[in-house]
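Labels A, B, C, D and E are assigned to the chains in the order they are written; within every chain, residues are numbered from 1.
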Amino acid sequence: MAGITLTQQASGQRQATSPWLNPKLVAGLVMVALVLVLTLIGLILWDVTLARAASSPLNLPPFWVPGGTMAHPLGTESSGRDLLALLIVGGPMTLQVGLIVGITSMVIGIVLGFAAGYLGGAVDAVIRTLSDTALTIPSLAILIVISAYVRQMDVTTMSLIVALLAWAGPTRVIRAQVLSMREQGYVRMARLTALPTPHIMFREMMPNLLPYLAASFIGSASGGILAAVGLEALGLGPQRIPTLGMTVSQAIQGSAILRGMWWWWGTPTIVLMVIFIGLFLVAIGLDEVVNPRLRGVRG
Amino acid sequence: MRGLSLGYVIRRVGMFFFTIWASATVMFFIPRLAPGDPVSAMVTRLTSQAGRVEGSAALITAWRQRFGLDDPLLVQYLRYLRGMLTFDFGYSLAQFPTEVGAMVGRAMPWTIGLLLISTVLTFLAGTLIGALMAWRRTPRLLRWFLPVSLTFTAIPFYILGIVLVYVFVFALGLFPVSGGYRNDLTPGFDFAFINSVIQHGTLPAMSIVLASMGFWALGMRGMMVTVAGEDYLTLARAKGLRPLDVLFRYEVRNAILPQVTALVLGLGGIVGGTVLVEYLFGYPGMGALLYQGITNSDFTVIQGIVFILILTTVTAVLIVDLIYPLLDPRITYERR
Amino acid sequence: MPEPLLDVRQATKVYAKSGESTTALSGVDLVVPGDPATITTIAGESGSGKTTLADAILGFTTLTHGEIRYRGKDLRTLDRNQQLAYRREVQAIFQDPFGVYNPFYRIRHVFDVAIKRFRLASNARAARELIEDALRVVGMRGEEVLDKHPHQLSGGQRQRMMMARAYLLKPRLIVADEPVSMVDASLRAMILDIMLRLRDEHGISFLYITHDLSTAYQIGDDICILYRGAVVERGDTRQVIDNPQHEYSKLLISSIPVPDPDIRWDTSAGVPDTDAHPHTR
Amino acid sequence: EGSRSDPAGESEQDVKTLLLDHHGGRVQSPDLWNPLVSGFTNNAGFHQALAEPLFILNYESGEIEPWLGESFTSNDTLDVWTLTIKDGITWSDGEAYDADDIVFTIEVLLKNAELNNAAPMQEWVDKVRKVDKTTVEFTLKKPNPRFQLDYFSVKIHSSLVVVPEHIWRGKDPLTFKNYDKKQNWPVFTGPYQLSSASPTRFVYTRRGDWWGAKADFKPLPQPERLEWIVNETEDIRVARATDHQLHSVADLTAGAFESLKARNKDVISWLPEKPYAWSDPCTRLLSLNNAIAPWNDREMRWALNYAIDREEIVRIAYEGTTTPARFFYPNYPAVQEYVNLLESEGLFEEYPILTHDPDKAKQIFESKGYTRTGDGFYRKGGKELRLQIDAPTDFIEIWRYAEVIGEQLQRAGINATVRKLAIATWGDNLGNGRFDAVTDWSACGSVTEPWLSMNLFHARFVVPMGKPSESNAVRWKNAEYSKHVDALANLPLGDKRIEGPFVAAARIWLRELPFLPIAHARKLYAFDTRSWTGWATSENNYLQPTLDWANAHKIIHSLRPAR
Amino acid sequence: MSERSERSRRGRPILDVRDLRVHYSTPHGDVIAVNGVSFSVAEGETLGLVGESGSGKSTVAMGVLRLTSPPGRVVGGSVSVKGEDILAMPEAALRRRRWRELALVPQGSMNSLNPVLRVRDQIRDVIETHEGKQPRRRLKERVLRLLDLVNLPARVYDLYPHELSGGMKQRICIAMAIALEPSLIIADEPTSALDVVVQRTVAQTLLTVKAELGSSMVLIGHDMALQAQLVDRIAVMYAGNIVEIGPVRDLFRHPHHPYTRHLIASIPSIRERKPLVVKDLRRPDPRTPRPTPALSEVSTGHFAAIPEAGDEGVVISHA
């Protein structure tokens, strides 16, 4: 009998505390917050104009490596930018890109996907045509056109452009999901209560897709960060102060790996990884929180 | 077919053609919206090598005339539509007189081969990992290992690619550095050639798989989690089904549905290629071709590739719509 | 005769499927008088189309033929306001109490949205009281269940919550699809009692779908026996049960188990051969 | 590649094969071998191995050296030019290469405006005539002292290519691909023939029957096989070169070169020390649109010049691999003599173009009514002083220095932004005057004589905004300058009389400063000496080291196996 | 203890549950859903398990099958089937035993079928898992026979669950449960969605199968009439405990516990219309730990908890 209680207990730990204290969620949020807080502190304590080209000596290693100096504790790269300043400025910008792309594309995807799947008919046909068309347009083509007309691309514009082409996938996937969800008992229940259609779509059906949506959000956000880097690397992004991804890609262009300048690509990569893994944990944690059936299921 | 009425199928196929036309039209106009055309790109590029091109104005005029770039837009558009209808993509403007069809034909097998295999692998690996992450019975050790395997997704792709090149090509010498196959071989169905294709494809495929696996895994995990509380799983367990049967036939089978949509969409888009992979590994695929086309405003190349992209994507989407009721019998396209 | 509350005419539903089709309902006529309120029982074979009929009345499925009129108006022609009114006045208790709760929300959600949507209470206190009142009727206490998630309730508890919700809304008509199939006899009595009181004190009519003829016998006014998608017998509940005319009704009534271990169930009567379903083509 | 799995093959190959880097991106049309169309990629071995030039301009000596050609002389009025070619030249299919082929080629160019070099031939050539088997006479429409230099001598990168008449006759020169494996096409005169071509690799093998060996021009070159390999990233190029899998790498950055050198001791470059690199002919500029305010004001342009620190640009954007430019001529002995002339005239004291002096810039701005406001930018009448610098996206070097200029101008109170544009858009905007400023190389042309680059800014080239310009895209109009340039035009090369008008024109240019020369272009080639020696370097400067140009023939002939 | 002697009187127990305790953890503390339940089922016997809704019947069933899933957990007790402890058995051994020895008809049959598999595949799954691959034809015949046993038409074979009516789904579950002729079937309200005709057929099928195989059954339900017809002994649950257990006849004739009495009194009749007996039940808070009531033998094999002073108030007449 002792054996029983042991095996059984392992899978059902007591959860007396609030579900929002989910360790994964907390860890994820802490990681993302850490990036933000540290960069905020950095903004106050560090001279961020050092993130501009030609502001510092070239190719200095971090301070603990011979040749490094405390004036540039994380070293500098070969355009004369200070790595610490780059991280401070680039970190939030990277997050901004991820969030804008993630949020915009998911919001559009959710609204259109739900509308198409739940309402069907003509709405579905129109949304489907739009999204199918959007799926086929290479974002590079659009960016080239737009960058020819704006004086200077900023992070927000660029992220919006990436997002405006990133919604089609989520829309299609969500639509498919909604199609199979719309016959569920609780959807009928909601219709019985004469709840307005938006309420049914977003308050009744959507929460049940949250784990999946959270995952897609993380996918879109990090996909957005990468897509933005791709565009930046082609020179179509904001230039003066690079995002983390851009710093990494400049490091690659500058042969940082070859030259043994690991700090140039390594530190931004670490921050990027912290952001990605943080978002990733948030996604996992979030579905444990919102899915009541799952509390206590490890993942 | 289940859940499909004839009327629906007809309407859907009508939409298919409409969407093709709409996308093709959009892609006719987009590249023409920015100032500049393939001829000025060509001349500018020439000056970067030769310092300057004498008589460039005359050259530009002559080529523009030859390419019909001075015709009214409507005339160009109709010409374009006719070309697309007959699958005649014409000459590349930047690499004149090479036919777009030939360029695409050369690049396409590589892209499709590489991306098809790696997309499917990514899907399988990612989905499996996602499923295992949410599975109750996953061994403890694996449980730790799985999220770790996803951190590859957190490493920017190009770093991953370059690290792979360093480790496997230069440090270990296991794989060739770039290209699609050894040049001293002639393409054919012999062992040496296929072996060389596989050798050349492994690293690019690996970097795609590692870099995008995580997204599939996350999505799958999310759906598994949604399915996890269902009563039919309890009954399946009560039935004494083998744990793997429960996992695959009951949990995964129900959780995988949105993943399938995403996969088919992804497969439809693969002819667009992956610029970064092809760039890093010197892979002779479509991504690089499209990229060069876009930066050079090579209208005909863009149009040719994008038209194929449109066809495959729209077909993929059509297939999703038609097979989805088979995958998920609950779906009906009945109007409410 | 006053206008009936609900008038179902020639309801026919065919589920089409590649090659074969299933006729779930064929030419069903049904009238639910509203004044005075009545409990109309629909009994019948499992799979005879009861739920399909309920779904059609509730607008969850469209009929292949026939029409449904509520207070003389065809359901398909209702405008927005009329639709809202219809929802307000026609409520349901579903057969399957497992799927009807949104797993994402706590139990209170079904009450909250209904109160808000139909403006049943002016403030939170009043709402709370309304809910507590409704719960008391089904033998539950708010603190016990409201903050639970649906999967934390037993089957009977879920069914009772559905009843409480219908009670709370006090509509004109409740379509109750097997509302007591999962509760114990004691509770069943309690719920049937509520139905009676709703009918008598609040003038609420019921379309009571059940296979449990003894409960119908206790509370039903009219009965309608469905067999293979069609009405085979209808009339006053007690008359029909005491003196069934149609073969199937007779069989049905004779098959009712007796709550006495000493009186053995009559197991001799034949069972209709379901394999030869006439309406399956 | 693949050699690792076949070590025996590698050593074999090593001795005989020369592996060269092609870094212009992959070639999407490997079956196109028509050198007359502009979509053709000619530097993946075509003009280095297959097609031979008539003459080669040696930047080091300033001389034009004969190759297929023997001599190219003009009459005194510089309007009749006579070309004599070597005797005994044959095409790779055995047919003789003679005056007919040259006449045929020129006539094709005269008839088809779209073809490469067609425009200048149509501008200059009135008649072309075969005198005898090895002699061709060109009658020009007007005198041109640079006829041979500009079109027949690999002045920069490439030269006019002569095509075999027996193959090309009757073909549409615009759409003819000139590729047929079965017939061993393409047919040219070089010592190699094409053996395979793909978007990422071109392989050529040596021909035993090359005319030059038979005619005692030169012995067969030593490499038996030439391979041009497309390497898209610098990392891969360096990694390959480290492994001796590339013998010549073009256009490296300083960092990459240094790390290559650290790993491969056999690697050399043009200069043994920094800046390592050889200077490319096209001086890098900051071009300003002289047609729009406020940059139509010469003082404002000078203010910009004072705000710019060329030393810093060289140090950062180029990591020290080049030198600042004080004039728009490249860094070759022959033209630099002219720049030195300006120095001795004291012009650079009068116009201290290399001086970085923010205070001077400030003075000028303030004198023009600009005041620096709280956000650090100058304003006049509420309008911010802005400068948008456009750079083409896929020319990394060009936008790197644009970025540094942008930062410098920001520091100096100008809200400068750097925008990267797709090449088509960039080129179109530039030609049509839709720009404030661009980083570019459009003064490129002179390498041994002074006129060509100067002429590019002649007032007659100025077209209104919105019309495409052929040169002088900065739209600078100065009648006096144009007059001095005209005076130079028809003087024979090297003539003493050039100096006067040259200095006069340069004085005006310096005063007006319509565009700012920033730095000399640099080309950092790395050569691997483990397998092959005899590369062109500053110590062994028989030729400029440009292996991607048509002059590479001479280098390839100079290579010797190291073991 | 007297229960033990009772057991020895009847045949060998096939299922023996001792002091089973199941808790659900919630943010506000554990819900004690099953508070020390003991009973046994002899070979060939049918035990009825009735009780108030929410009294823990399904939880007992899941506990016995070792299917309690988080947040529920078995905190004590033992369950042995044919003398072997189910709860301590290795997972793999248990899995092989499932369905052959221990089959389940779940309460939520509506949701217990995999929505994307056809009926045929779901039934085939159990057969092939436990008996290995079989020729298609034989398998189909067998599945069709099973469907016939529960009075379902053959067309159901190819349908998906959502195409079935509630009663049909329930019968699928029953058909599935008897597919392997298990030694013990735990049926959680197996006929709640069936009309009486079918109910009777299905009940007969269950009885026949049972009789043929000598298998035993735990029949959870509310329908006292059905219980009266089908079971040998009956156990009454109330608030997580068994408050009365005994031979069905004895229990119907002489209910001891107030709740049992109330339960029997409220059975509706088809013979006469009488006023509904409505009572308000006041149950203890499910979260407060409470003693397991002691059962005493009131007649041979009939045990009942003696309501203590406080317990008397358990059943209060409706006003």
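Here, contacts are C-beta pairs under 8 Å (C-beta built on N, C-alpha and C of every residue); 3 or more make two chains touch, one makes a residue touch a chain.
The model shown is predicted, which means the values in this text are computed figures rather than measured ones.
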Which chains are in contact with both chain A and chain E?
B, C
Sort out for me whether B-D or B-C is joined by the greater number of C-beta contact pairs.
B-D
Of the other chains, whose C-alpha centre is the longest way from the centre of chain E?
D
Please report how many Å separate the Cα centroid of chain A from that of chain B, as a whole number.
21
Expressed in whole Å, how far the mean CA point of chain A lies from that of chain D is 44
How many Å are there between the centre of chain C and the centre of chain D, using C-alpha atoms for each centre?
88
Which whole number of Å gives the spacing of the CA centres of chain D and chain E?
90
Where chain E touches two or more other chains, by residue:
26, 69, 108, 111, 162-163
Two or more other chains in contact with one residue: find those residues in chain B.
34-36, 162, 166, 229, 231, 294-295, 328, 330, 334
By the touch rule stated above, which residues of chain D touch at least two different other chains?
233, 235, 239, 393-394, 422, 425, 429
Which residues of chain A touch chain D in the complex?
52-55, 58-59, 78-80, 144, 147-148, 151-153, 234-236, 239-240, 252-261
Contact residues on chain B for chain E in the complex?
230-232, 234-243, 245, 249-250, 253-254, 327-330
Sort out for me which residues of chain A touch chain B in the complex.
11, 119-121, 125, 128-129, 132-133, 135-138, 140-142, 144-145, 148-149, 169, 172-174, 176-177, 179-180, 182-183, 208-209, 211-216, 218-219, 222-223, 226, 229-230, 234, 245, 248-249, 252, 257, 265, 269, 272-273, 275-277, 280, 283-284, 287-288, 291, 293-294, 297-299
Which part of chain A faces chain C closely enough to touch in the complex?
184-186, 188-195, 199, 204, 207-208, 210, 290-293
Would you mind writing out the residues of chain E in touch with chain B in their complex?
62, 65, 67, 69, 94-100, 102-104, 106, 108, 111-117, 125-126, 129-130, 160, 162-163, 173, 176
